[in-house]
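Here the chain labels run A, B, C and D in written order, and each chain numbers its own residues starting at 1.
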Amino acid sequence: MPGVGEKVDVLDHGFVRLDAAEATDLSVVNGARVSFLQFKDEMADRDHKLIRFLMREKHASPFEHNLFRFHVKCPIAVGREWMRHRWSSFNEHSLRYSEAIDTFYVPAPEQIRTQTGKPGAYTFVPMEGETADQVRGMIEAQYRQAWDSYRSMLELGVAREVARLVLPVGLYTEFYWTVNARALMNFIALRNAEAAMWEIRCYGEAVESFFATLMPSTHEAFVECGRVAP
Amino acid sequence: MPGVGEKVDVLDHGFVRLDAAEATDLSVVNGARVSFLQFKDEMADRDHKLIRFLMREKHASPFEHNLFRFHVKCPIAVGREWMRHRWSSFNEHSLRYSEAIDTFYVPAPEQIRTQTGKPGAYTFVPMEGETADQVRGMIEAQYRQAWDSYRSMLELGVAREVARLVLPVGLYTEFYWTVNARALMNFIALRNAEAAMWEIRCYGEAVESFFATLMPSTHEAFVECGRVAP
Amino acid sequence: MPGVGEKVDVLDHGFVRLDAAEATDLSVVNGARVSFLQFKDEMADRDHKLIRFLMREKHASPFEHNLFRFHVKCPIAVGREWMRHRWSSFNEHSLRYSEAIDTFYVPAPEQIRTQTGKPGAYTFVPMEGETADQVRGMIEAQYRQAWDSYRSMLELGVAREVARLVLPVGLYTEFYWTVNARALMNFIALRNAEAAMWEIRCYGEAVESFFATLMPSTHEAFVECGRVAP
Amino acid sequence: MPGVGEKVDVLDHGFVRLDAAEATDLSVVNGARVSFLQFKDEMADRDHKLIRFLMREKHASPFEHNLFRFHVKCPIAVGREWMRHRWSSFNEHSLRYSEAIDTFYVPAPEQIRTQTGKPGAYTFVPMEGETADQVRGMIEAQYRQAWDSYRSMLELGVAREVARLVLPVGLYTEFYWTVNARALMNFIALRNAEAAMWEIRCYGEAVESFFATLMPSTHEAFVECGRVAP
């Protein structure tokens, strides 16, 4: 169970690192107890029940008095879904202000999957080994060409913001993500879920493991209430 | 200069207490340096310049990777302005779930002021001593009557949520307020300002003193840039 | 079924009026169909199914491409709950910039209820007729005294923002509320609900009736999915 | 001056189309006049002054009671900056749910620029003609290869969400963007500005032209107040 300062590796070159946190189950309990002006210094048994009650009845505001600050490295394609979450703060590696780094996401052979089902009915069916290897080769070749083209343009003196136009969404990016437990649960509910793209689901799992470490009672209540954010 | 766990008294019975924080100037610097993937363990001289640059150029997102959790006690009239700030989390004492507490705001004699100027052109002109005393007496009398009426209804078994209808907006309330430095600066810019109601300005000052303690370089840049939130 | 420009009376002196709207079921369908770059000029049968699918699977963003602008008159006590909804825009009658208006909420006799149950387990038990009448008398008397005190202070030249301290939360206020269907459904789910205070529930019903008029298919799906906002 | 239903072409294949709007200067005026409970049916001369006053004094909330719904087509690189704006609603063409479309952004020769200055000090220096042509050729070649690789993978049956990993951020995407005038002004202030990437600035100009059409008095006040969002 990872904690503050620790890093969970995700995919071939990515990670989720918890840079800082001010997040405890007690902050939820005291957030709720403001209603009665009764505050506590530590969790008691009935406080776990209170957290479950809040989760079930969708009294969501007590889950907001905390902070998780993550440092994330993920493919741009994953980052684009991530940054649609608006009750969040982001700062990202800039391809205008600095040069790209030569790190791309190549799915493992067993992650090369076929197109199946219709939109919204997500089914993960891996391709057979030989085709998977062929596809990985195609992806890698294309990444190499894009990178060479990018570097050649930079050498010609082309502005980074122009040269990066050829870089693929499989390129890794990095960002800071600061979020409270309520928004975090919404992220986990949507992204560590069956209908989510496999890759972002891996990140959703990593994020959830930090959440479970720091706020175990809140996490337990979240799971018991069907993994629906309050 | 007050810090975490400390309390600043405001008005006759109110306070601002910083319950918890994860807020440093360094978090701003590292938030900005994500752009270049260069992180730092401590502030250097040029980082103060960076913070000023971010403030001046309205690069606001690096100011969001932090948290202040305040416990506030203030008159309802003040709280109503406060809770209009939306990039914030609140939990408040409930007059449905628990009984009111007999604490009301009576302005000090020198705070009893006249109506002057037109809306938006706020001028604070104190009334003369005798009238001020008379007005304070009227306010106190009215509070007492409202309180007696409230208590009588509770004794008749009336629901708290009905009985509280007679309670005045001069009654004190309490709440938790969780906020990041960007939203905090917006609050300070609007509320610790000349055009603000005198009472909320006192709270704005208290809040600002905590901000200045925890993020001195950010606060200095905020002041230098004309106290405008980025 | 009320529409744009119409007003629904609520409580003894309040109302909800829909000042303007740009809100159709079609906007939800087209919001979702952006995913496929297939847009439509009018609703077809299968689009009702699409809306239900979006609601059930919590694909919430297509419900945001619309606007309802309400003009609301309600007691301050109700307005305080209302303005905790943050994905909303508000402008309210100011008791700093203009004088209060002599309109107060007095619950009808059958709304004078007892305190029962514990917090979160809301039960509405009316008091018997005679006590109810007595309580209404107490509330009215207290309103009258507060009003007289307020007026006397204004006549002495006291600033409106000071004099209003004695005004009770049963005073009516007015505000503009602009909101999209997603945030509107969240409001309705929480406020037109059993656990809500009876008075705000009346406003929740009024708001819901406008929503049902303008976006009938979305409203139907909301009801079918258990009145949970997506 | 473009209005509702009209489309402004941007870059080589992009556009901004205003799909719907409920946005007038009068909505700002009435939003502000709620403070006094004085509403108007049409703009008068002094209302233009009121709008300027609100803009200058950063009374921002009256600018929120309106809606602009845009349909945008832009390169992914531009869309990534756009979707960082959080007081906004987005729905975007999905490369998981549907196939990509073969449309890429190739900067015009005079837009092929050199890397100059340091981050934050943006200077646009075009490259000389021959090199510009060479660079355009490199970009086009790379787009073609990426597209061929994408199509080949789809033909092998690879899932769209995997195949798209090789697609570059110069690919066009489309989305719906719904926003109010306050958030719109923030977008314009940051994106139709000297420090912004040239391409998003073109979109900022297009967006601003619609804003100026629908809310001419508000736009004028925005310009007079130094193009700073209130």
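To be clear about the criterion, a residue touches a chain if its C-beta (ideal position, glycine included) is under 8 Å from a C-beta of that chain, and two chains touch if they have at least 3 such contacts.
No experiment lies behind these values; they were computed from the predicted model shown.
Each of A-C and B-C has its own count of C-beta contacts, and the greater count is at B-C.
One inter-chain figure worth recording: chain C and chain D are separated by 33 Å, centre to centre, where each centre is the mean of the chain's CA atoms.
A separation of 26 Å divides the Cα centre of chain B from that of chain C. Averaging Cα coordinates per chain places chain A and chain C 35 Å apart. Each of residues 35-36, 61, 84, 90, 94, 97-98, 119-120 in chain C touches at least two other chains. Taken as a graph of touching chains, this assembly is fully connected, with contact between every pair of chains. Put simply, chain A touches chain D in their complex at residues 75-77, 80, 83-84, 86-88, 90, 94-98, 105, 107, 111-116, 119-120, 127, 131, 134-135, 138-139, 141-143, 145-146, 149, 152-154, 156-162, 164-170, 197. Contact residues of chain B toward chain A in the complex are 19-22, 27, 30-32, 34-37, 61-62, 64-67, 69, 89-94, 97-98, 101, 174-176, 178, 180.
Residues 35-36, 53, 57-58, 61, 84, 119-120, 189-190, 195 of chain B are the ones that touch chain D when the two sit in their complex.
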